[in-house]
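Note that the chains are named A, B, C and D in the order they appear, and that numbering of residues resets to 1 at the start of each chain.
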Amino acid sequence: MTVALSGGEIAARLEERFPGSVVESGQDSLLVKSESLRAVAGFLKTAPGLEFDYLTAITGVDYYDYFEVVYQLTSIRHNHSLVVKARCYGRENPALPSVVGLWKGADFQEREIYDLMGIRFEGHPNLKRVVLWDGFTGHPLRKDYL
Amino acid sequence: MKFERYGAGIAKGMLVTLKHLFRHPVTTQYPEERLTVSRRTRGNELIWDRERCTGCATCAKSCPQGAIRIVTSRGEENDYIVEEFRVDSGYCIFCGLCVESCPYEALFMGYGYERARYRRRELVLNKEELLVSEKKQPSGYARPKVEATLPPQTLLLDRNGVKK
Amino acid sequence: MSLFDPGLNLSAYYPGTLPPEWPGGYWIHWGVFVVIILAFVLLMAMGFIWLERREVGRFQARLGPNRVGPFGVLQPVADAIKILTKEDIIPAKGDKLVYWLAPVVAFVPVLMVFAVVPFQDGALLADLNIGILYVVAISSVSIVGVFMAGWSSNNKYSLLGAMRAVSQLVSYEIPLGLSILGVVVLAGSLSLNSIVEAQHIPFILLQPLGFLIYMAAAAAEINRTPFDLLEADSEIVAGFHTEYSGMKFALFYLVEYCEVLAVSVIVTTLFLAGWKGPLLPPLLWFLIKVFGVFTVIVWVRATVPRLRVDQVMAFAWKCLLPLALINLLITGIQVLVWPEVLPWAVVFLNLAIMVVLILLWSKFFKLGGGRVEV
Amino acid sequence: MVIKTEPFVVNIGPAHPSTHGVFRMRATLDGEVVLDIEPVFGYLHRGIEKLAEERTYTQIIPLTDRLDYLASMSNNLAYVLTVEKLAGIAVPERAEYLRVIMAELQRIASHLIGVGAFLNDCGAFMTPILYMIREREKILDLFEMVCGQRLTYNYMRIGGVSHDIPEEFLPALKKFVDRMPGFIDEYDQLLQENEILLARSKGVGILSREQAINISASGPVLRASGVKWDIRKVDPYSIYDRFGFEIPTGSAGDCYDRYRVRVEEMRQSVRILKQAVEKLPAGGVRSEVSHLVRPPAGEAYGHIEAPKGELGFYLVSDNSIAPYRFHVRAPSLLNLTALREMVVGWKVADVLAIFGSIDICMGEVDR
């Protein structure tokens, strides 16, 4: 059984290492500041006892006020999981740091979120539209796109 | 990769194909030879029972595609009179949710599978076209009573096996 | 006496070019056989197309074409009619003249091969004393047509296919020739008719290894599985004839089957004692053997996957070529020193040699891998 | 003389015999050698994630059929499990067993196509895939018997399955389960040891263990690289913890291992089916759930081991009849990430073989 790690415990560890990085921690999830996402992700991937080596999925959710990007992390070595969330504000040019450098599996998923949600992932090597064509205007998965 | 097995692998494979030369082919010669479809088949097209329908429009609400259109008016005994019941088979994805959700068992999936049309407008079925006819028989999908009357499905499993 | 005199019997002037008992003059003989060969080749090609589709169908647990005519025998005719009515497309940026010429260049040499094939004793267009050499030489000309097609199509798949075709042909010509030499050494003649006559024991028994090498090399020459790289449909769509349509495509399609026919005929002649056989008339024996060889080719096609381009080359140079050389050497020694009285002993000896050599080569020979650092 | 050569770009697809749908690879070639490859997709994009936001939870089930259309049952299962997780709905015992039976049958059907298509891409002229389609046909017959359709089943429901099985289903299933191992043996006999196939697939397209994990590969692609990671075992959903089965893994992570892992998984699926048929309890197949499910506000990520890998659904509910956000974690899409790493340096012919060995379904990649 994949154990869902408690967000609170990991938040405490993260606070030690990166003060102020965690905004909120839920039962099995963490909400981290978008600026420290990269550092937190790097820590989660390598920290002993955590070692989230497998990025299961990335999802973007549009909450009108902000976009929430949800990272489902799994550790194949320890068989536990964690949900990390990050928010980005503004509808014009929302941006988040990319995690492609850490998990290559984020490549297409970040491109897809960029394509359909319009969130830019800074540091992504090839951030292009992926399912829609290049000349497409708008981002269909946003709630205000009809 | 060395040829460790001296071509024995190829020879084994060729024996399998050779064996098939003497096996019964699985092809069905379609227009002449017809298989019986499943008793629950969700085929073309929807069948509507005029008597049972109360015009509640549950089917229209449950349709994911919005392919069913119902217009009702108030009848004399405080019931609905179905004025229009129209199904656009062009939108229909044959999911069967409407048939399942019908509380009065007034809607059936069709049993047929050969009702291709040349024009799109012919795919829109009105009240008369939705009734049971000789060509249009109801299938047993979500209707156990109808299911019990239909012949069993032909299975490929029964038609050929490993040893023939 | 003019050369066009119907009564002219050239065999009197050039002994060996014409079967001696053949009635009539040179030109009548020529005319009759051109018609016979054309009819034979086209009919057999159509029969092969039908047979292959039916056989592959049965190998794959289905029926194959059975709608047009009894058992679908008229299917190739229906296909031909359909293909003739198709639009003839020439790529806008293709080389039009070359594109137009390519099917012709590919088709003619394949037909010419049949000039030296004996259908039964003495029944052949020209009993060339270098018959088999002629076959090897002329049959490789059609690759020029293939390359022309690939080049002029202005299509990358076509070009890839054509490049593969040329490299493959060049590689496989050598083991092919060497394996034929084994037969020639045994028969003591290059003429196909004499080779058939020399086969008291079919040469497949005396030359089992040579037969295998010849089949492999010939399969590569005529682009049949597992060496059908130049039209590998799962990789390069249709290879050199990707852009062809209509009658031009039909010609390429015909070339393919004529080549298979040619190989079946040559194998029958060289290894299976041609028209020789008990009871049945020689022509029937010939046809039975040709169809038998073709069925084996189809059977292989229905079973095995395809080798990769570098593996195909490696197979030719590292496996077939040395084996063919050794085979030729052994055959030569046998012909020189083996006593005439014990032909059947050679059969078993050669079978044993074949097994040993194949086992040995399986240890040496490696395929696979092949990643290139880029 | 210096011969100058330059690489040329070939568009493999979108209309190509072996791209398994409308998929395009922009390949840069140096002769036959692949220098670089860029997957281009989206030709089949139907906006299922957006469509789902406007449909009720039940109406989404037919949509999930159309994700990986070779494994609709698994998609159904993953989706209804997620909704049940979100809404806290219990499922009757018999329905759980039926779900497992369907999911395992679907796994066999999908792997048959996957393996057959791979062998076809290696150049085996249609024979293996036709044999395998014949077996798949038998599975489709069973599905048709149960739910009336052969491709888009729409069988699972929130809180159970739509129908109980007809009485002729179990005998037919038993017959199938008895015969299937024989057919798998036959496929193995056909090509497993074929020297040409070995030459084409052994050591070709190696995906190392670290790479496989890093690119979030899942399913047979991950397991062929030697990672013993099967959601059915590591995070058992439904009732998979009640069955005994093995997780076949490869060691080299090459095309051959991926092919073998799929074949072995078919055997294990047959094993699960045998147990499930024996244990199948009587009872209802659908708990009382309203047609318009209203899960409490919240979010849930549910995942299953679909034939192609980890299929996950991420649902955000706002306590209305339609999900606020519906996201599919498509295994094919993520496995496709591995393509570039695997093919660079190999020949054109290997590109298609490697691509075939990933076994993707474009309906799922593009969504």
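Heads up, the rule we're going with is that a residue touches a chain if its C-beta (ideal position, glycine included) is under 8 Å from a C-beta of that chain, and two chains touch if they have at least 3 such contacts.
Please read these numbers as outputs of a predicted model, since none were measured by experiment.
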Exercise for the section: Please check whether dropping chain D from consideration leaves the other chains as one piece, and if not, give the groups. Expected result: A | B, C
Completion exercise
Using only protein Cα atoms, the chain sitting most centrally is D
Practice task
Could you let me know which interface, B-C or B-D, is made of more C-beta pairs in contact?
Solution key: B-D
Handout entry: For chain B paired with chain D, centre-to-centre distance based on mean C-alpha positions, whole Å
Key = 25
Exercise for the section: Give, as an integer number of Å, the spacing between the C-alpha centres of chain C and chain A. Expected result: 62
Practice task
Report the inter-chain centroid distance for chain B and chain C in whole angstrom, where each centroid is the mean of the CA atoms.
Solution key: 51
Exercise for the section: Compute the distance, rounded to whole Å, between the mean C-alpha positions of chain C and chain D. Expected result: 44
Practice task
Enumerate the residues of chain D that touch no fewer than two other chains.
Solution key: 127, 131, 134, 190-191, 194-199, 202-203
Completion exercise
By the touch definition above, chain B meets two or more other chains at residues 1, 3, 5, 7, 10, 13, 16-17, 20, 26
Exercise for the section: Quick one: label the inter-chain contact graph as line, ring, star, complete or other. Expected result: other
Fill in the blank from the handout: Touching pairs here come out as A-D, B-C, B-D, C-D
Exercise for the section: In the complex, go through chain B and note every residue touching chain C. Expected result: 1-7, 10, 13-14, 16-18, 20-21, 23, 25-27, 29
Handout entry: Touching residues (chain side chain C, partner chain D) in the complex
Key = 56, 59-62, 156-157, 160, 163-164, 225-226, 228-229, 232-237, 301-311, 367-374
Problem - For the chain D and chain C complex, residues of the former touching the latter - result: 8, 10, 16-18, 30-35, 119-127, 130-131, 134, 190-191, 194-200, 202-204, 344-352
Handout entry: Complex interface listing, chain A residues touching chain D
Key = 1-2, 53-57, 59, 61-62, 70, 72, 76, 79, 83, 103-109, 112, 116, 129-133, 140-141
Fill in the blank from the handout: chain A partner, complex, touching residues on chain D are 41-42, 45, 47, 49-50, 211, 213-217, 227, 229, 234-236, 299, 301, 303, 310, 312, 314, 316, 324-325, 327, 329, 333-334, 336-337, 366-367
